[in-house]
Amino acid sequence: MQKMPQWADVILVPLISLILAGALSALVILAIGESPYEAVKIMVQGAFGTTNGWGYTLYYATSFIFTGLAVAVAFHAAMFNIGGEGQAMIGGLGAALVCLFVPFPHWTFALLGGFGAAMLFGAAWAFIPAYLQAKRGSHIVITTIMFNFIAAAVLNYLLVNVLRPTGGMDPATAKFPEPTHLPTLHDMLLPLGIQFSKSAPANVSLIMALLACVFVWLLIWRTRLGYEIRALGHSESGAIYAGISAPKVAIISMLISGALAGGMAINNVMGEAERLVMNSVEGAGFIGIAVALMGRNHPFGVLLAAILFGFLYQGGAELALWTSIPSELIVVIQALVILFTGALDNMVRMPLERLFLSLRRTEP
Amino acid sequence: MSGHTELERPTMAAPPTPAIELKGISKSFGPVKANKDISIRVMPGTIHGIIGENGAGKSTLMSILYGFYKADAGEIFIAGRKTRIPDSQAAIAAGIGMVFQHFKLVENFTVLENVILGAEDGRLLRPSLAKARRELQSLAAEYGLDVDPDALIEDIGVGMQQRVEILKALYRHADILILDEPTGVLTPAEADQLFRILDRLRSEGKTIILITHKLREIMDITDTVSVMRRGEMTATVTTAQSSPEELAELMVGRKVLLQIEKAPATPGKKVLEIKALRVIDADGIERLRSIDLDLHAGEVLGIAGVAGNGQTALLEVLGGIQSATGSIKMNGDALDLTGRHSGGRSRRARGIAHVPEDRQSEGLIMDFTAWENTVFGYHRDPKWARGPLMNNAAIQTEAKAKMERFDVRPPNPKLAAKNFSGGNQQKIVVAREIEQSPDVLLIGQPTRGVDIGAIEFIHNQIIALRDAGKAVLLVSVELDEIMALSDRIAVMCDGQIMGQGPAASADHIGLGCLMAGMGGADTQQMQGWHISAAAKADPAQEPAQAAGSH
Amino acid sequence: EPALIFDLGGKFDKSFNEAAFTGAERWVEETGGSFREIELKSEAQREQALRRFAENGNNPIVMTGFAFGNVLSEVAPDYPDTKFTLIDMVVDAPNVRSVVFNEHEGSYLVGMMAAKASKSGTVGFIGGMDIPLIRKFACGYVQGVKAVNPDATVIQNMTGTTPAAWNDPVKGSELTKAQISQGADVVYAAAGGTGVGVLQTAADEGILSIGVDSNQNYMHPGKVLTSMLKRVDNAVYDAMTAGTDIETGIYVMGVANGGIDYALDEFNAPLVDDDMAALVDGAKAEISNGTITVHDYMSDNTCPVE
Amino acid sequence: MDFLTLLQVLDSTIRLATPLLLTCLAGLFSERAGIFDIGLEGKMLAAAFFSAAMAFMTGSVWLGLLAGIAASMALSALHGLASITFRGNQLISGVAINFLASGLTVLIAQAWFHQGGRTPSLIGGARFEQITLPFALGPMDAEAAGLPLSKLIAQAGPLQQIYSEVISGQTILVYFALLCVPATSWLLYRTRFGLRLRAVGENPAAVDTAGVSVVGIRFAAVAICGVLCGLAGAYLATALQAGFVREMSAGRGYIALAALIFAKWRPWYALGATLLFGLLQAVALRFQSIDIAGIPVPVQFMDALPYILTVVILAGFVGKAIPPRAGGEPYVKER
């Protein structure tokens, strides 16, 4: 017998948590002397009011889908991958290297080549923490945090000492050659007769992100590997009994996770900047945690949560442009969302469970 | 229900005040009603037994008395005074001590530190430790509870750990001592020693509540006994006026039928040949020492022994999930003993099915649906594949049929495994493994926590498999189950086979001696039995003592 | 309505970005106009901010920092009717005004003052991010020091290799301590927000420091020898005043046209004696009329002196 | 490297190790009680801001210190609420706290001071002064001798050099942090509270059934963690620096976490680990590139070294770090 109906668990609990986070955010806005109503208006208008706003919202969402899926896949195997940030950084390196050094004839090849390299690099970066957790019992959370810092140092070194073009001042690679530039939503929608903002960075990577959602859904719920990943995630002793190689499945799940996080690079590195800069990931790896939490580790949930966070990011940028509210407000909102949907989940869940139990008792 | 109103009958003399009286205790864990309106009285200076099947709510009730759980309703009277016990601190203050089923000790603390934890005098440790050391010495002298105060808990055996738990209670001056299944982890000799200590405590006027599954223990030591079933207290009787048969009936609600109708075995060729099998686990403890065993087609080989004497390791090695040295040959081919993580898979491929001892943490994924669990371990079978994907529709259809065949209730494959009762969970596991029609079935504690109807069903399935010419290796701590099902029996103690022989000539006393690691006169009487040197070599103790009187 | 975009250091870095802000404020005060502004938080926001302001009709759009170079060269052609002013970097587009400064000249001047004020004959330089632009500061400074005291030692440190180096006061502070223990008694900080730590530590430890970009003399009165003024404020003020009529192309600001200077005010007056003032003003004149040429590191990526 | 340079690097090591040490001990209390805390960074950051803000507004560094501790403890309370009361995921709570501190400090700083998320510089009594220990050479002696202090020390004998350069001339919080090491050790291993605290991190059920409140001990541990993080943050903003700048904790919370693992959750080892990591930072700060046996070691490598070392330790190649057994798990009696 369940304590609560499924819909309450999947929809009601996150929704109430979200409302609580929103209410507290409104208080914060009030406390710094601004109007929450105005703020929300600017954010909604800025994120969804124009195709340009949509373009940015979807651009951010694309990144968050990748990192959210990355966290979710690892979560299904009970691995808490906090290293999406580092994996995405190194994934960016992979994408940059092929874009710079492989003469792609057409963007389609560049997309596939860049995606492949980014995933490969991201997976490779996830491999060591995964291996250490699976074979030597080192806590994955700590090792992935450490690997985020190590990734930053590696990238820093390479951008400053190796990849920076001569005469360049900022630590960044040269601009990628023209054939690697990915079509934006503007380019893609124009043939269909839809006018989409030319300047917004949302690009073909969005399609790849949606495909990744479908892929992850199939993987987790329809394949044998997914079955094994979930089994391991729920009970390691059970998995071992069933002849599932726990270290192997744990490592594979982390490799997929790292590949997804790394794969994000097609969006921010190839699709937007068209060169590799120092902090191209911009915390998307961490947002992935919140996205996966909110999305209940389900690809569809991840998609919705990613759009929510895309909205927060784009709305926050608009706030910073048109009001004096610093964009750190978004960091606060993000923190509150993680806090309520993740850490304080039981605060909402326990009273609800009690409510549903007593409801059931009264109507037998 | 004959003797259950004994204590409620009005007596002429003014009755002594009960040491403990519980009135109308109820407790739910979410949807599970673990205790329903339970009342019980325990007289001072007596040993009061509580029996009941797994999950009947015994531990829950005692944990409430000890303040570990909070009751939803009900009252507690200690020595006639209504007492509120919101936490263990209050229980300790009321003179209650409890030894839990799963010990509550800090593994990397010393015995002394564990004893004083929560009962320190003053803020500094040094004086507390010194005082406790003196007190432990006097307690040890008084009750024969010797322990090394400076040993780390993780370094001492379970028997010793239990002593520490008892010392903890005595150190806190408990007048009422609750022991939750204390003998489950003990050898008969250790259990006997424990009972001598309990006897001693009783004679000093302490009140003891003893939870156990073993009717023999109840009959031996308790003054009164309460029976619990499905969260309810079904009866309280005076032990002397009751009988094991009556108690068993009260426990399960109907007559126990442990005799199985089965045809004599027709053993076939040797399927498994185990030689010099040795297991050293991750903690460096030797679990198996040089096991030699054969398993034939068409027979049930029962492995008897007190829990924790290597049976689990044996099942795991055979099931491919524990590494070992030595050799196992199946139909002449050597099996891989490296215990690779995918070992379970290769065993299944060879036709070895495995019902693990612990269904909840191994046999099932509790959060998976029933249908997902019906292919657990066989999920890579091409039968369930549709291209690169799993054929969920086929699995579901088959699961539904399987659940109906095995009378799993409710027969709804979409329900999560955790939402089935323990017995039905076990049926799902057994159905999955038996329906593979394996050449070898490894089955551990097949009926632990399973109700009587299901026990019969599962037993019959095992025999049917045997009759189909398959080999069955049965591990159970229930001697009666072993004796009822097996064609041959091997007894394990301390990682060794103490003896093996035909089930027909085995008897309780002889098996009990072997389970305690002793050979001796009683075992010699069992015809056709081969008693190992290890068992004979230990004539130090009186065999009769260990077997328990019956 | 003009717009102003501050680079990652933030508009209150007490230095480069703050100078830009001061210029904009002066324009507001004098004209009563208003302007849009944003402090960047990330690389990705550069392009977004530029485009959003351009699309919003803000004109001209002023931005501070070399890092805009790449982005602006892409964005500018998309908005031919918008005028852009880029400070510290050159972008070749018909609607862009690129303002660059002869920082080496100003650094030369404060280098002379440092050499003059130093008792130990050892002076220090703490740069921000290790890029040619900061080497240009360092090179000018060393030339100035050596011009006064050829035997002087100049200890040079860079804070880092990434933009984080602009905002790491702890590191600035530790580097200053290290330089002090190596004997330096005047330290020149060309490190954005990191300089706050440098100036603070210099003041705490009782040596002199030299500020950069804005006039930082007030931060520790009597402890800051002078500040190398880079009149970013003027550049911004001019751009906003000119509005849409702004002249595009490359605009160099140096000692000669008052775009580069050293700061002298009531806070450092006691530290600058007549002798020193005469010396520096002399050099200033000579640079203006071309008698002295200070080598520009960025012209050939080398420095003739160490 | 000559002797004086070595001393200066050591001096710098102590300065840089102090916030690491305080935070590491903070983590030690929390994790020994079974509460994992990756929110150390956020607490330190919040404390840094509030101590600087209060010190600036009142001119008193001591009031600032109190405010910093209060802010850090508020976040600790939040962590306790999430992970003890509501039995939430401790790691997620920590992540949230880091984000919260990162955003709120800048937001409030901007609302209060309008200086782009920093506080105004602190002067005079709003900062911790360096203390010259008896018999050490200090600014007074330098003034009297008419020489810079560094010169004066350079002329002294080696023992006096060590004493004056490294040991003397630190702020009071440095000495306090060092004192915290024996104090922690004593508290943990010699007192009733310490016994219970360690037990609660190993097996909370044992503590519960022994009649001691698990929740109480855990909250006490988390509160101590808050105090120590508060001290660390205040040290950053009012002793090491003169005011708050955004993100000024700069990953020190994570390095402290790494040091805690390195120290295997033991107080004296924590001192060793944080001094080592402090030394790495000091060397990375002081030298742009280091040649080891002719091979230039990039500064980025020095920056990453604490993390690399921690991974090596975690991998079990050099000793094994076994965390408290009940760490990270909420204490749940009823499923």
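By written order: A, B, C and D. Residues from 1 in each chain.
Going forward, contacts are C-beta pairs under 8 Å (C-beta built on N, C-alpha and C of every residue); 3 or more make two chains touch, one makes a residue touch a chain.
Since the model is a prediction, treat every value here as computed from it, not as a measurement.
S.K.: As a test of understanding: of all chains, whose mean C-alpha position lies farthest from that of subunit B?
M.R.: C
S.K.: Go through A-B and C-D and name the pair with more C-beta contacts between its chains.
M.R.: Greater number of contacting C-beta pairs: A-B.
S.K.: Find the geometric centre of each of subunit A and subunit B from their Cα atoms only, then give the gap between the two centres in Å, rounded to an integer.
M.R.: Computed from C-alpha means, the inter-chain centre distance equals 47 Å.
S.K.: So the centre of each chain is just the mean of its C-alpha atoms; given that, what is the distance between subunit B and subunit C in Å?
M.R.: 79
S.K.: Which integer distance in Å separates the CA centroid of subunit C from that of subunit D?
M.R.: Once rounded, the distance between the two centres reads 35 Å.
S.K.: For subunit A versus subunit D, what separation do you get between their C-alpha means, in angstrom?
M.R.: Distance between chain centres: 31 Å.
S.K.: Provide the list of subunit D residues touching at least two other chains, using ranges where the numbers run on.
M.R.: In subunit D, the residues touching two or more other chains are 117, 300.
S.K.: Of all residues in subunit A, which are in touch with two or more distinct other chains?
M.R.: Residues 156, 160, 326, 328.
S.K.: At least two other chains touched by the same residue of subunit C: list those residues.
M.R.: Counting only residues that touch two or more other chains, subunit C contributes 39, 161.
S.K.: All pairs of touching chains, please: list them by chain label.
M.R.: A-B, A-C, A-D, B-D, C-D
S.K.: Can you check the complex and tell me which residues of subunit A touch subunit B?
M.R.: These residues of subunit A touch subunit B: 1-3, 218, 222-224, 227-228, 230-231, 234-235, 237-238, 240-248, 353, 357.
S.K.: State the interface residues of subunit C toward subunit A in the complex, per the touch definition above.
M.R.: The contact residues of subunit C facing subunit A are 36, 38-39, 41-45, 47-49, 51-53, 55, 66-67, 70, 78, 130-133, 161-163.
S.K.: Which of the residues in subunit B come into contact with subunit D in the complex?
M.R.: Touching subunit D: residues 29-30, 66, 68-69, 87-89, 91-93, 98, 100, 104-109, 113-114, 116-120, 122-126, 128, 168 of subunit B.
S.K.: Can you tell me which positions in subunit C touch subunit D when the two form their complex?
M.R.: Residue positions touching the partner: 10-13, 39, 120, 157-158, 160-161, 167-171, 173-175, 177-178, 180-181, 183, 185, 193, 196-197, 200, 205-207, 219.
S.K.: What does subunit B use to touch subunit A in their complex?
M.R.: Its residues touching subunit A are 30-31, 319-321, 340-348, 354, 356, 358, 361-368, 372, 376-377, 379-380, 385, 388-390, 392, 416, 419.
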